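Here come two complexes built around subunit A, the first alongside subunit B, the second alongside subunit C.
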Partner chain A sequence: MVSKAEEAELNRLETQVDNGGGGAWDYLCLIRKLKVRRSHKVLNYGLSILNDSRKRSGLGQEEWTLYEQVAIAALDCQAIDVAKDCIKVLQKKFPQSKRVGRLEAMLLEAKGLWAEAEKAYASLLEENPCDQIVHKRRVALAKAQGNIAGAIEWLNKYLETFMADHDAWRELAELYISLQMYKQAVFCYEELILSQPTVPLFHLAYADVLYTLGGLENLQTAKKYYASTIDLTGGKNTRALFGICLCTSAIAQLTRGRNKEDKEGPAELQSLAATALEKDYKQRAPHKLSLLSSVLKGLKVSP
Partner chain B sequence: MAEDLVLDTAIRDWVLIPLSVVMVLIGVLRYFVSKLMRSSPVPDAKVVREGQIVLRARNLRSAANFIPHKSFRSRRIYYGNEENGLLYVPKGQAQNAQAQMFSDPNMAMDMMKKNLSMIIPQTLTFAWVNFFFSGFVAAKIPFPLTQRFRSMLQNGIDLSTVDVSYVSSRSWYFLNLFGLRGLFSLILGEENAMDDTQRMMQMSGFGMDPTKVNIVSLYCIVF
Partner chain C sequence: MGVGFVVGVFGVLILAHAAYSTIQYRSLLKIMQEEFSGPPFHVAVELILGLVLSMWAALTVPGKFHSINPEAEENRIVSLPANQDFMVFNHRGRLFPKQADLKLKH
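Up next is the complex of A and B:
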């Protein structure tokens, strides 16, 4: 996660470097530290440092880190030749390195030689079965080929060992959703909520999936999680407000004709959500207010 | 003391300075030797997995209220059931830390390497200092000190009449041994400083936790 202060620092450095104010190396270091994806910029500024032999030797040992960074950025930009040159230099410097081996496998991957890349990753994993990056590359490889089921399989294998890696759980949840395997996705989102209970995004996504699954129990749970999203965001999440309205009307439809013992509570929540929505629309998009009221009317919600 | 002892300048040229230079050189040499012998630790997949399981279980415990009760129950069973739960360890199979250390030859090997690179040069230099320079005064510090410093500064001289500000050669060796850390961190980089003092503390057992006691006892057995 990139904090606000770090992002501000990054943007400041970016404008400074873009306008020729120097500090390219600091900018590249910050990109590396925050793990943000600015491949074109890294390629431009990294190469300008690498092509200047005086600047390059000024880096000392960091030179090789820069080579690696530029190689990866080049792969991302499909500048295969640049990447190849960088990797060649690294290969010469560190002949036996697995890190360079990983870069070579990524080069194969970028060229679209899936089978070779796969083989390279497999052999890397054989040497060091705990290499998280290689595991993840393999998932990405399967995903790039459009083989979502394969990606899920690799990811599951990875999570068997590294089960506290919440980014992997998130990826898995999204993959499952893309295959409409909502039950599995629900499990992944639960895992995410467990690891980071105060991130509203996960609550929201969890509620979305539960709502999609349908059924009275799931709808009720979904409503709770929409409510917790609103709680965590301080009422600023429009999607969650809509979610409350949708859930309540869906529940009302399912329970029609049954005894109406706790009818009062939900209706109140719904009308509160609808009021909040109307107020929000009035403030930020007044011309769409009529749309909103017709939608709410369709849901039989009256603010 | 009324009359000061006069130290021969030859002592400065042939004891004080060589001793310091030798200590520095040995420190640098030892740094490179230990760098050569250091094997990069390969994490064991099983150990990694155990750590991750514990982490995940801890998340479950602390955030249990954030997921529906049903999901929590299924997870609890998944972790804790008695047949194949992730966290369940059959009785008697749990290894204590010490047994684990003995069963893993790599660990003992690593420790021995570390200690070898440290203890051998230290014993040798100590023997060398003792053999050549034992029992004479090598330096004088420019300020007076109380009697309590006698054992620190005049190691190897058993004269109670000598002023405490005189430093014996053996004490000079010890002062160098502990005092050169800052210099090493300058020459060899911050993190590479040979942390003799700390290791020494570990060895001799000042205020340490049980795991370290184990290391020391293991070290004694291995040696």
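Up next is the complex of A and C:
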């Protein structure tokens, strides 16, 4: 998870490195730690460290980690030659390693040789059937070929064995959403919220999917989860604030003409959300305030 | 750091002095052959003062405290990590012009 402080640190290091201020190694370490995808920058700065023999030997054992990081970044940037050279160096250092074998299979994947890559992963799995990352690569392989249904099938099979892998649950949810199978995606997000209840972004995604599904009950649950997102982010999540307003107006449209029992509570919540939104816009984007107020007027939620 | 550190040293010195006075007081009692009923008043004052000073120093010298609340401004989660185990390479990035000078030179 990337917190606000870590994001600020990453941005600071990024501008520092971009302007030639040094600290490239720290930047690459932070990228690895936060697991953000900045392949282009990793390729440029990582390669410049690797090509400088003095800097490279200064890293000690970390050198090989950097080779792996640069190899994957090179694959992502389609710099096949660089990736091949990096993998060759690693192969020389660790001849029997499975981790290098995985990199070689990924090289096949980047070249578009799907059948060969599949064969390589299958042989890796034969040697070690519990290698989670290879299982996941297989899912990615199916996804890369556009075979989303196949990817979902692999992933479900994988999750039967490794149920605690929340990254896989997240991927499954995203795959289901890309196929517009929202009911299944809802299940995945429930699983994610159960395993990591303090991550507001899962609450938010769950609420988004429920809102997309529609229906009175779903909308009410969605609103609750938007509210819990606001609770977990200290009211700083604009999307959740908008979600509350949208849910309230959708619920009001659905229940129009019916009995008005629980009118008091929801009305208060939406007006609070609208006030928070207006305050936020006033502070950060004053010229868009008129847009916001017209939207809120359209939703019939007034602060 | 400066002021807090000096205050901390001062607090520890006061505590040490309180210990020294207690030992002296007990040996005095032994000479006068009286029962020990409790520490003298100035030792008690020294102990409390030393406690307050060293506690204050211990809280300020090591640095600022970070919030542990998940909703605090610096702990707030703003983005999820990229799901890199499921990274796919045939994306639109391959249409960008390649840099020719990238090469591992050794």
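Simple rule for what comes next: the second predicted complex is superposed on the first by the 209 of 303 C-alpha atoms of A that agree within 3 Å, B and C clash if a C-alpha of one lies under 4 Å from a C-alpha of the other, contacts with A are read in each partner's own complex, and residues count from 1 in each chain.
Just so it is clear, a contact is a pair of C-beta atoms (placed from the backbone, for glycine too) under 8 Å apart; a residue touches a chain by one contact, two chains touch by 3 or more.
Quick caveat: nothing in here was measured; it's all calculated off a predicted structure.
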| said: According to the stated criteria, A:143 is in contact with first (subunit B), second (subunit C), both, or neither; which is it? | reply: second
| Which partner does A:199 contact after superposing on A: first (subunit B), second (subunit C), both, neither? | second
| request: Answer with first, second, both or neither: which of subunit B and subunit C does A:161 touch in the superposed model? | output: first
| Between subunit B (first) and subunit C (second), which, if any, makes contact with A:43: first, second, both or neither? | second
| said: After the superposition on A, what does A:190 contact: first (subunit B), second (subunit C), both or neither? | reply: first
| message | Tell me which partner touches more residues of subunit A in the superposed arrangement, subunit B or subunit C. | response | C
| request: Would you check which partner chain A:213 touches, where first means subunit B only, second means subunit C only, and both and neither mean what they say? | output: neither
| field | Touched partner set for A:109, first subunit B, second subunit C, both or neither | value | second
| said: Quick check on my understanding: which residues of subunit A belong to both its subunit B contact set and its subunit C contact set? | reply: none
| message | Which stretch or stretches of subunit C touch subunit A in the complex? | response | 70-90, 93-94, 98-99, 102-106
| said: Quick check on the complex: what are the subunit A residues that touch subunit B? | reply: 128-130, 160-165, 187, 190-191, 193-195, 197, 221, 228
| note | Contacts from subunit A onto subunit C in the complex sit at residues 1-5, 7, 34-37, 39, 43-44, 47, 50-51, 53, 72, 74-79, 81-82, 85-86, 89, 106, 109-110, 112, 132-133, 136-137, 139-140, 143-144, 167, 170-171, 174, 198-201, 231-234, 236
| task | Mind listing the subunit B positions that touch subunit A in their complex? | result | 42-43, 45, 48-49, 52-53, 55-56, 59-60, 62-64, 66-68, 71, 75
